[in-house]
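Both of the next two complexes hold chain A, though its partner changes from chain B to chain C.
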Partner chain A sequence: MAIADVKEYTHLTDEEVEQIGRELDALRKEIEESRGASDAEYINRLIKIQRGLAFAGRVTLLLSNKKPAWALGASMLGIAKILENMEIGHNVMHGQWDWMNDPEIHSSNWEWDTAQPAEQWKHSHNYIHHQFTNVLGYDNDIGYGVLRMAREQRWSPYYLGQPIYNALLAGLFQWGVSLHDLDLERIRKGKKDPKEMKRQLKQIGRKIRGQIAKDYVVYPALSGPNWKTTMTANATANLMRNLWSYMIIFCGHFPDGAMHFTEEELEDETREEWYLRQILGAANFTGGPLLHILSGNLGFQIEHHIYPDLPSNRYPQIAERVQALCQKYDIPYTTGPLHRQYGQTLRTILKLSLPNHMTKDKNPTQPERSDTANTYEQDLRRKSDAERQPRRTELGGWSRGGKQRMHD
Partner chain B sequence: MAVSTIIPWERVRTVGSRLTTPLHPDDYLSLVNPLWSARELRGRVEEVIPETDDAATLVIRPGWGWRYNHSPGQYVGIGVQVEGRFQWRSYSISSPPKRNGRTIAITVRAMPEGLLSSHLVKGLAPGTIVRLASPEGDFVLPDPPPAKILFLVAGSGITPVMAMLRTLDRRGSMPDVVMHYSSPNAERMIFREELDALSEKHEGLTLHKLHTDTDGMLDFADLDDFCPDWREREVWACGPSGMLDAATEHWKDADLEDQLHLERFSLEVGGEAEGGTVTFQTSGKKAEADGATTILEAGESVGIGMPYGCRMGICHTCTLTLVKGAIKDLRNGEEYNQPNEQVQTCVTAAMGDCTFDI
Partner chain C sequence: MDPAPRSFPDLPLDEELGTPVPFACGTGELGAPASARELDHRRVTQCALSRICGVCGSGLGRPIAFLGSPEEEARNAFHFPPSHLDCAERLLGVYAEVRGSVLGQREPFDSWVIATTGGFEYVRPRREDVDRRATFEPNSLLEARRVS
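Right, the complex of A and B next:
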């Protein structure tokens, strides 16, 4: 059942909620004030490693006809793309490194190595997803317009094909993401401003041209007689990144325990309530430092959602404090090993491909919950920016660049 | 035949970017050698030459993208990473423009409250990579120079005038120059030996030194004593704001304002916006700004402690939250009008009324 009031759901008093807000604000300030040379060194070193890997991968693939070189080059390139998309690009665009005042590592102009233009990503992710996290009808990441991930979404026979759509989305994740901000559902319903759509398509077109040319024309051409194997290696590297980022991202809000919310929660949502919704709507996974770097520190999805613009290398440290806070106030904190989190996600994908009456609701029903009983009638239409609440300050600081425009 | 005439260098870099897109080749090259990048101008500190106890000249070798054609008297922005964060200041270039030169020099005086200036003078090791901003400023000695010049400098204000004197010396075009230089005492007087040598070498250069610790500050009423024909001279003055204010008054009284040139570390932005009332919501203060006044300037005019760095749109130190309203970037006309978005204040001006979270 979707939550309409986080305070009620967590059985917290007004004072407790306020206190939680104060403690989280204080933690934020603590981290902000302690940012310094070692953090700057972290991101600079990571960028150096990532670009070194990309360079090494490309050079190795000049000899892609040799199987070991093919495998080594594709792996290095795949890991480079994973690092760039997840730990570097996504985080830089959130403004996590803007504090350094370094225009070369800054949210205002970072363009990442994938088919989606940065400007559109910042709109659909930094704003829409992070502000309206897991709110039905507002968070377009619930199912990405392709999958049914909440029982409250009306079932139709289309969803019987969900396992296949899921597999396709996983393999072609980069392309799904590139179209995400266009909001295909609104286009289908004829609600999208055609001028805005044209502008976004042009922007996407330009980005895609560069990406496709790089991986499937320029580098194969440079490999001369090895062009075919370079192409397959590059495609494999892209596939590696697609599958890996799909899996990590799906583990962020789909495991059991990551709750959905109704529109009512958004009404007059205070800062503290926003914090609570972020904690309840996200799911972590456990692992060692290497896994966390390779997954963009999204194993700390909860911490990332509370503080989207604090440096990702600090999330492990922040997590200890957030966990303690949740224990103190008895707030559910969802985490588990990666395979279990993904397993639960996959099970939900399969389950919701069927109509509700054929499956059991995974979330314990709350007695006396008159507000969520009839959420099937909820208006789950896609919204436009004009219909959304404007950007909250809790999202933290990130900038548009000079050439980046407003959205519909 | 040089390769550059067969294949233009720019063309190579453009083609190269197809290999690195969405990055630029410089993003990879700079990892090998930090100077191999024109994305953001950089330089390497080659030497730190102590001038006095509290001043030093930094000799900097700029990287790619640098044009060695600054005009004597201009200033350059320098960004240094301190505890992970880039801090920016502007300093006058003290070296003359040299076509075949590979370095520029700035002379920095450590101010007791200035955290960065002390670091630059005492703590910067040769080999450090710094960020640079292109030379700016209209406190410039024209070429050819006017026939009669008066330089009025105090303290570290000597630096742009030093660039001018060195240029006149290099080009052999030293006209009739009277120079008045105030400094607390002889030991603190930067470049004193070089100035003595120049005034010996050039007949046209007359040097007056004033040690303010012992003899007090310059009173402009005494100008006639050491420079009776000051009304006929083009004047360049650089020093503490008190001195510049007094100079402005003195020249205004003589109705000769046009002949007085003062150093002002402010950016000339091209565009214009509407203007409007800028509200600073935390303090409640409001400023009426016209279309050419930046938000930063508007805030400073009503006493807000506005953050700033390079003051020219590079470093983003000045970024604040635009709570509501609209502003325009004066460099390129881009408008920012989304509630709660992060915007730079040093290069933007109000488009109607707007509110900031400070």
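Right, the complex of A and C next:
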């Protein structure tokens, strides 16, 4: 298989790759079979806490003309939004809690507190990002169509402004994400199905109207004479959520060690190979339980990518086993403290704002390939669903910056 | 996100069978005529991960329905992706009388089954699997009934 072309895997035999797959399957089965009341209790309790925080925040902001009430209310509301988006909404929409058959906590009908409609998120994130993880030209999360995050992406003078675009993306994250599934590039080129574009725009319009009405009209109005300070507090809560979710998401795939893949096709990729690509393409960060809950357990990004639909409260338990498996087979497992992971991400953003010849490529030499996967001039533009090839065994060229390796 | 979801009456027709082609069957090769014989693997994956209906292509509801053969029901592993219950029933209303391999089925069987569930596991094929199609395993089965 072509993933063997990646240096870290050349030591693995086909039997070992199959054995890794079997062990990860067994782990999945074990978690599936042990899912039960305590997991249900976890998500129900968390939703109760989140709603309590949101309610307390909104009530406190009725007195937002007092500075302590403003600060407390904005903080509680910001944390409530973070919990709702990260640990609840994101994970519910993956179907992590569908097994409970709860009419409310279900991937089919959960609508989250952010500008992007849930349906579009489930396409752009659950399908495009999770299926084509870190494959250039396929995974639209690589730089969100705004940033250059891999050396293989062609440089243009536009990218000199990358530090500014990055700051704007972070601050306006929910609005950027709301347009993510629209695929502005295809619209600009007139390649987007007009019927689908209209349908998506209507969805986005409806959602944005609701979000704006809630945070900038209804709740400020309820504050009466304090409407202006409530509005600024709500904006602050949204900004808190934007910055936090941006940082957590970027730390999932852009620290040193998380690889990018260049693909011509992904057809017939087996489950074992898919597992390996997920492990290689993701990066974890370390921290305490509170940090993990606030980040939607995406500090276990590797485990989330291997098992996106298993309950997030089980990721810490799963991570111990996955890490041991990676050590056993000498597979890279990228992790580190959050500040270091984000520092590396930021360094990549700054570095790649310049042309390749002006910066050092710390990546090891690309493995020689007989096919076209090493040809970086290949078509890396965003693709429609119809253009996204089925999976194939050949995982292509790769890039890494690799310092943080568990096995190093 | 293309193409746009289509309601049941708007589904394209299979040129050979004259029956509606569900979203999960897609069009095979880019630009090829729509066919209800085989599943389009890209769309099967899309349905699984995006949580959309394999018949109409819009977001799933509750309960989630799976249609397949009695054998698939017995091993709790379906090939056709999740659907709205209403879409599955309407589709089988058309295909109950169609003979031969359709909707990704490869072996003939007596009657279709519709199983409803709260959730499912999406299982990718393993390297040693002879049948390289992905399967769906309902994880909170509500009901399974024969449709003849």
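Quick notes
Just so we're on the same page, the second predicted complex is superposed on the first by the 365 of 408 C-alpha atoms of A that agree within 3 Å, B and C clash if a C-alpha of one lies under 4 Å from a C-alpha of the other, contacts with A are read in each partner's own complex, and residues count from 1 in each chain.
Just so it is clear, contacts are C-beta pairs under 8 Å (C-beta built on N, C-alpha and C of every residue); 3 or more make two chains touch, one makes a residue touch a chain.
This one's a predicted model, so the numbers in the text were calculated from it and none came from an experiment.
Contacts of A:Gly95 after superposition: both chain B and chain C are touched. Of the two partner chains placed by superposition, only chain B is touched by A:Ala213; chain C is not. Look at A:His106: by the touch rule set out above, it reaches both chain B and chain C. By the touch criterion defined above, A:Leu290 reaches neither chain B nor chain C. By the touch criterion defined above, A:Met358 reaches neither chain B nor chain C.
Note: residues 95, 98-103, 106, 108, 390-391 of chain A belong to the chain B contact set and to the chain C contact set alike, using the contact criterion stated above.
Of all the residues in chain B, the ones that touch chain A in their complex are 18-19, 21-23, 27-28, 31, 39-40, 79, 81, 83-88, 309, 314-317, 319, 321, 329, 331-332, 334, 336-344, 357.
Taken together, the chain C residues at the contact with chain A in this complex read 1-4, 27, 30, 41-43, 45-46, 49-52, 58-64, 117-128, 132, 139-140, 142.
For chain A in complex with chain C, the residues that touch the partner chain are 17-18, 21, 25, 32, 93, 95, 98-103, 106-109, 118-120, 122-124, 126-127, 130-131, 181, 183, 192-193, 195-196, 199-200, 268, 270-274, 308-309, 384-391. Listed in rising order, the residues of chain A touching chain B in the complex are 35-41, 48, 51-52, 55, 58, 95, 98-104, 106, 108, 111-113, 207, 210-211, 213-214, 218-219, 222, 390-393, 395, 397-400, 402-403, 406.
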